[in-house]
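Paired with chain B in one complex and with chain C in the other, chain A is shared by the two complexes that follow.
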Partner chain A sequence: MKFRAKLYKSKILLKLVQNMMKIHTECVMHITPKKIRFIVNSGDIEDGIQVFYDLPSESFFENEFSIQSIANNEIQFQIQLENLRRVLLSAINSNDITIRLTKKQSEPYLHFVIKSSSSTVVLYQDIPIILLTTQQLAMMTEPILPDPQVYIQMPDIKTIQNVIDKMKNLSEQLVITISMKSQLTLQVESPAGSITTHYTGLSHPLIDTNKGKDQAPDSSSAIVDIKKILKVLHIHQLKPEEVVCCIFEGKCLLFHVIIQDVSATYYLPIIIK
Partner chain B sequence: MSIRDKFSTPTQSNQMPHSALEQDIVFIAKTDNTQDISKILSTIVKHDSETKKKDSSAHNLFVTCKISPQTISFSYDEGKHFQANCSLKSTFFEEYKCELPVQSASNNQDGTMLPTAYSFKVNLLMIIDGLNIFGSEADNNTSVQFVYGGYGKPFILLLNENGVMATCSIKTMDTEEPNTFDLVQPVSNKIVIDSESLLEAFGELDYSSSRVRITLSPDAPFFKVQTTGNMGNFSMEFNPEKKAEEIFESCELNQSISHLFQLPLIKPCIKALAHGSAKTRLTLTVNGILQFQHILQTGSHLHPVIFTVVAISPHHYDENDENMQMD
Partner chain C sequence: MQLIIAPRYIKQFAKTLQCLSKIGEDLYIQATEESIKFITVNSAKSTYVEVNMQYGFLEAYHEVEQSFGMQYKLRAKQCYQMFSSIKNVEKCAINISSDNNKVNFHMLCKNNIQKHYGVNCELATCSNALYSKNTPHRLSVKPKVLNDCLSFFSGTLEEISFQIQKDRFILRSYSDSPKKSSNIKSLQTEVNIDYADFDQYLTDGSNTEISFSFKDLKTIMAYCDSMNSGIDMYISQSGDPFHIHFKLTQNFEIDFVIATILMPSSQPSSQSSTNQQQQQQQQQQSSSSYQNKSYSYNNNNNNNSNQQYTNTSQNRTPNSYNSNIHHQHQHSTSQLSNNDNFGGFDNFDDQMDIQPPQPQAQQPIQQPIQNVHRNPSQQQIQPINPLQHTPQPSPNVSQITNKPMTFLERMGHRPLDEDDDDELSDSHNVDSMDEDGSDNAPSSFQGQ
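Let's turn to the complex of A and B:
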């Protein structure tokens, strides 16, 4: 098993890692010749948020990249995000970062060589990793879902986060309603009162569905845990170009986020009453 | 084919939402100055440092809201020793309508007084959260409409920021009349002082102390503020060479009055000065009632914010007070 690459866009990767840390402390990295995927799972499988970040290898490793393994030239391992964050932070002023898979005393490590921009100092950093088999990785794939009932392009995520942040004082559960007539409603309710925010004039992405237009419902709602959705909305810090929200009735809520050539997909559990 | 591959270019359609208020409405007030209201209401929120919690169950501050054809006011009492009150005049709003219950034939006989205002208990923190729902920056384009349907109905805020709408419906409950305080009998001292001077006078106090002594007297130095605490004794006096007319805008100082107050209760009275107060009328009575009447200014509007604090009972002296006796 071999892996060696020069890392570009390390600042963006650092921001992504900092965002991942809002969800959990560790992640799984799955590197293939075409893409780098980060899988972050919060808490337990039943009740947690699942996030998949996909980065094109071409953009982050460019041409100086070689990967070899018996499993179709794919490598997957578990890594602590804080370690990755620290290394990327120390590389913030460097243009020359090399990553290599190494073994020290038969333990696997991700080995970083960071040359400062003035070429005077060289930093060496080793992050311990836990290699995973393809079988183990197969247990962490994205949930298989039918077509979503409803989907919409979200308005500015930062303001949505502020609104929901005030709503959390009233209830632990948020009701999201998406209408295929360009409307989005957020609502919290408690014996003390209720707050409802209503957005109109939004856009819907075109989705290839198997449903005919007549079968599509006008609107659908999902109840989510407010703390969890607030964690997801931190992605606004990366100033995404597009955020799409889908409701899979009775199953989950999905956010699909596009930040330049990176995509992040969040799966949130729905509370069923 | 994953969900990602299904997304392509967006489509667009426009439709205004349907919203209707079905209940009978007895009060409507509308303004674009949402942030000003939030600022005024926030001045009476007292922050209890000991009980600051992060869970939603503690996010309460129940106040009495009174709505009359002239004003809408919010006040709360803490026991019998502290009261905070703020009000907004009907002229502050772009639209203000209040319909009081009309006298019916059967009421004439028993001679009961008709209410001159609607009164109910409501969670002020929820109102402030509602006002700030789209952010608390001063340059927000948020308009707010207050709506109330009468006894038992919720107090509703309808907010609009560039087409995005929020509705905040807050439960109302029965309330009691706020405490009243006698600010005249038997003798009281009054001063009207500009807020900057007042802020300066109280600004450098040792806020870790638990008590503050406030003295108003017809003799120089007229106004004295003293604390005794972990950092030692602190005393503020105005320049003894200055005449009363030079320090105060106006004053009525009949005799020397000095009282001890709990400093945590005085703190919010002073914090309110930082929110755009122009001047304050301070009243201190022989019986130990202290009142701050601030005039807060937003744009061209003036808003009274009133704090009333009762002195620590004169029977509760301890050895520390010997350091703070008046000469």
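Let's turn to the complex of A and C:
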């Protein structure tokens, strides 16, 4: 098993890692010749948020990388996000970062060599990792869902976050309703009162659906834990270009996020009454 | 005793008190005619800080009620708290009176507000550290260089290593127990600094590596960096004190002394001659052997009597092995343990910066003889090479229960525990072997 690469765009990666840390403290990295995939999955059934980040290899490693393994040249391992964050933070002023897979005292490590043109200091960082088998990885695949029937492009995430933050004081559960007539409604209820926020005039991204439009419901709603959706909304820090929210009634709430060439998918459990 | 801090240095003085309170719990104030010293030692007695202030840094300084030569002990945290509104403080005076056992801080703040703080104190003597500036490696550096590098290290790191090579200086995270289970594994960091980044880089090229507490170093470097003045580092070898000298002005200097871990490889070879004795004294060994591997400031010269003496003292004084810090004025109950803490004491004699008042050069010679007379059953314990250590099952049961780990843990001396890992696991192995052989209960229990 061999892996060696030069890391570019370390600052973007740092931001992504900081964002993942909002969900969970560790993640699984799955590196293939085509893409780097981060799987953040708390493993806790209670929590149930699953996040998949897909980064194109050629954009972060710029062809200066080699990967070899008996499993289709793919490598997957578990890594502590805090360690990765610290290493990327220490590389913030550097423009020459090399990553390698090494073994020290028969323990696997992700070895970083960080150099900077402005200083003579050479920094070596070794992050302990736990290598996973393909079988273990197979248990972390994305949930299989049908094509979404209700979906909408979210307005500015930052304002949504502010709105939901206020709603948090009233109730722990948020009702999110998407209408295919360009409308999004956020609602919290308590015995004392309710707050509803309406957004209109939003656009729907084009999604190829096999089924005819007439069969699809006009609108759909889901109840989610307000704290969990707030965790997801931290993505506004990444200044995403596009955030699409889909409701799979009775199944889950899904956010597709596109940040430059990185795409992320958040799966949120919904509360069924 | 009364002193007034020069107004332009009040900020620095407050920062110094903060640094002291981060390292040690107790602050000792010692006043002499020419200077006033603020001293602290951390709870594990592995880090010692001595602040030396003289007239110039102090606006006024004079004796009241014959307080010179006395040492006062007070809680370090309490001294810092009053500087929380440092921006408003225009003048700060400190007054120590032994009448009511109080250290009084008088602050003159903006708008003519006066504040008085009385901190209880007691007469107590602090341990003193022995260190030398005549070391093989002498480095001067701007604290910023090191402080920046320390930020690369994991926050949970306990010990850090410095390696001095001919042309570069290496900082490395230090862990002495690679056998630790995988979930405790942490980030390993190594930083190479070119010698050109140092203001002065004197080394004898012997590739010395020293390891010591990361947390205290971080505190010290952050402090020195904030004071914006260079530091001098004096390094000799693993096991010997690591000395950092900080000088803000002629009248304000700080010495930081950090105990380093004694690496097994640096133990002198003369010790193997007493192997036979070791085996007879198996029981004592396991309790004392880790002390030999631990923090030790004792000079490892090959003088045999000196060596034996050192080890005897280590065996008998588990609370003082980890540094060369010792008491100037011995308490009657612990006189012995305080006295015989210095194996390689005579080597330091002419280089010592701080001289305990009594003539000490004779102690190392006299003390071993006394030991033998007083306590003939006491055997000299030599450090053990772990490879030569052949476990002897019989005495181990009592030995493990009597292991002074709890005592050390109470002292909060974590580096030692880890240091002990090799020995410990050894003993545990013996323990389990013993159990398996004599008593099958555990395994049959598991079987059910």
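Annotations for the structure displayed:
Going forward, the second predicted complex is superposed on the first by the 268 of 273 C-alpha atoms of A that agree within 3 Å, B and C clash if a C-alpha of one lies under 4 Å from a C-alpha of the other, contacts with A are read in each partner's own complex, and residues count from 1 in each chain.
Simple rule for what comes next: contacts are C-beta pairs under 8 Å (C-beta built on N, C-alpha and C of every residue); 3 or more make two chains touch, one makes a residue touch a chain.
Source: prediction; values computed, not measured.
Partners chain B and chain C, once the complexes are superposed on chain A, both fit on it without clashing.
Of the two partner chains placed around the shared chain by superposition, chain B is the only one that A:P191 touches, whereas chain C remains out of contact. Taking chain A as the reference, the larger set of touched residues comes from B, when chain B and chain C are compared. Rounded to the nearest 10, the angle made at the CA centre of chain A by the CA centres of chain B and chain C in the overlaid structures is 80 degrees.
In the overlay built on the shared chain, the residue A:S117 is in contact with neither chain B nor chain C. When the two complexes are overlaid on their common chain A, residue A:Q68 makes contact with neither chain B nor chain C. Looking at the shared chain after the overlay, A:H204 reaches chain B, while chain C stays out of its contact range. Look at A:T134: by the touch rule set out above, it reaches neither chain B nor chain C.
Of the two partner chains placed around the shared chain by superposition, chain C is the only one that A:S90 touches, whereas chain B remains out of contact.
Of all Cα pairs spanning chain B and chain C in the superposition, the closest are 7 Å apart. Interface residues of chain C, counted against chain A in their complex, comprise 149, 151-152, 154-155, 178, 182, 185-194, 196-197. By the touch rule above, chain A contacts chain C in their complex via residues 83, 86-87, 90, 104-105, 107, 109, 119-128, 130. The part of chain A that touches chain B in the complex is made up of residues 54, 142, 145, 148, 153, 155, 159, 162-163, 166, 168-172, 181-183, 191-201, 203-209, 244, 246, 254, 256, 263, 265.
Contact residues on chain B toward chain A in their complex (touch as defined above): 1-17, 19, 56, 59, 123, 125-126, 129-130, 132-135, 154, 163-171.
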